[in-house]
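Just dropping this structure here.
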Amino acid sequence: MIELTTSLAEATAEVVRRVQRSLVVLHNGHHGVGAGIIWGSNQANKKRSGTLILTNYHVIAHGRHLRAELEDGTEHPARLLAQVPEIDLALLEIERDNLPAMMIADSHSLRVGELVLAIGHPWGQRSAVTAGLVSGLSTAQTRDPQKSIEIIRSDVNLAPGNSGGPLVNANGAVVGINTMILGGDQAIAVPSHVASAFVEGALKGD
Amino acid sequence: MIELTTSLAEATAEVVRRVQRSLVVLHNGHHGVGAGIIWGSNQANKKRSGTLILTNYHVIAHGRHLRAELEDGTEHPARLLAQVPEIDLALLEIERDNLPAMMIADSHSLRVGELVLAIGHPWGQRSAVTAGLVSGLSTAQTRDPQKSIEIIRSDVNLAPGNSGGPLVNANGAVVGINTMILGGDQAIAVPSHVASAFVEGALKGD
Amino acid sequence: MIELTTSLAEATAEVVRRVQRSLVVLHNGHHGVGAGIIWGSNQANKKRSGTLILTNYHVIAHGRHLRAELEDGTEHPARLLAQVPEIDLALLEIERDNLPAMMIADSHSLRVGELVLAIGHPWGQRSAVTAGLVSGLSTAQTRDPQKSIEIIRSDVNLAPGNSGGPLVNANGAVVGINTMILGGDQAIAVPSHVASAFVEGALKGD
């Protein structure tokens, strides 16, 4: 019977390993750090080979000298390609190629009660992980009272430094971008399908 | 190996689905909401078909115009049948039949370390779920210092709005009624065997 | 599918059962209690049969009349054998034999993302359990700024009374000694390989 918990422990560690190599630390020239997701190579960029990094808008807002630190410890200047404060997302590019992209899941198929993991840099601690369940799938109002956005609520423990990092499913694929903590213990993420549409629009120059 | 976490995610989502359809939102005419459990049809009631709803006493105390909101969004006036403040339980009835009753487990067989899920409406968020383990099985003093009641402690994250909702086991059956948060992070539930005895007594007119 | 969550619940309960019988409550003559781990019989002691208890230094510091309470409720005077404040560990001995020692894992093989359980006496609640994942493996500075120690970070919910108790892996073997809570929600444990080296050194009279 105890073999089951042991197998589960190996499986969760494997999911984490899968995700960590595609996670970056974002430095914005201020105190504190945020997280970023290696989204893939920028194929809209014909001139040179670049890699797309997705993060929260609030991680890079007012930032200067944005730098992305890879798992190998190297740091690379990051250029802002697009940002949409209303959904708290921003897209950056660094001049590196052949970096491992994170798997992206379709968050439309996410179910309440599913196991999820959040990986980021809470309180500056690198690549730390915490697990929980999807608590609810709902909507939140934006600053414009006539607009609302879809959100994922979960009971993972987020902290400053998780922002911009992935909420992944049991398979290690991104289902959301960790964005906010409400009421002390509610973790809020922007669904990956919202993030995918944002990236697609940004590359088309919308 | 990762198939295990994926299967686990599907299983927890399925447990949640099983429970949600038997969960109600209780409105008491004041701000805030509580949770209630569809306990079964009221077979003691020969005159008309009614459904029993179990909740915490403190959810409905001082309440007027009690209403139970079903998963389909319809609201139904709820009549108070019985209440016992010492164990923080109350039994209501609504005039509806053929509602799906929650499965009730025998909490005598609950073990410390078992996986449990709490489902309710924390901070008004509908049918939200959080998971944890049974931390301890103990007793707590009531306001009468000579009396004590059995309680279940767990490490699930409760919030206002979880009160009256179920703590379920890995099978989706009710093992406790979520009742209190102590010391910021200890969740307290009244065992389902205490709740079953309360309902039985109430229907007999004890 | 739901059989999986049921099996998992049985497995976690079994892990807890395995650990609880080797856990002690430590009374230090002050308010509050700490936890201690039955480490094994003291084979360095030729004169009489004694059992080693490992705990945090801060649980017994300034303590008088140290007593260890076993799972059967009996209390035994505990003698301090060794202490190292820098790694917050202390080794005690009680005059009892044939007590079940906890299994000790090699924390060198611990992986980020592994399932772990913390067992102790949070807020005085006996043998309570909480579960989480290993969040990170890192180092922390000691009071001597030139020295650092290895630590295990996890997302389990600790509280006063967990100190000195075990962080166990999915197999029920000790991987760390729960020692501190940082920033409200980060649990810090001293790795079991540090604890093993401390005990070995203490018995050799280092």
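Note that the chains are named A, B and C in the order they appear, and that numbering of residues resets to 1 at the start of each chain.
Just so we're on the same page, contacts are C-beta pairs under 8 Å (C-beta built on N, C-alpha and C of every residue); 3 or more make two chains touch, one makes a residue touch a chain.
Since the structure is predicted, the reported quantities are computational estimates derived from the model, not experimental observations.
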| item | value |
| --- | --- |
| Residue-number overlap at the chain B/chain C interface, same or different (half cut) | different |
| Cα superposition angle of chain A on its copy chain C, in degrees to the nearest 5 | 120 |
| Centroid spacing, where centroids are CA-atom means, of chain B and chain C in whole angstrom | 35 |
| Chain B residues counted as touching two or more neighbouring chains | 8, 10, 12, 14-15 |
| Residues on chain B engaged by chain A in the complex (per definition of touch) | 1-6, 8-10, 12-17, 20, 117, 122-123, 125-131, 157, 159 |
| Partner chain C, residues of chain B touching it in the complex | 7-8, 10-12, 14-15, 18, 111-116, 132-136, 138, 153, 155, 169-172, 182-183, 185-186 |
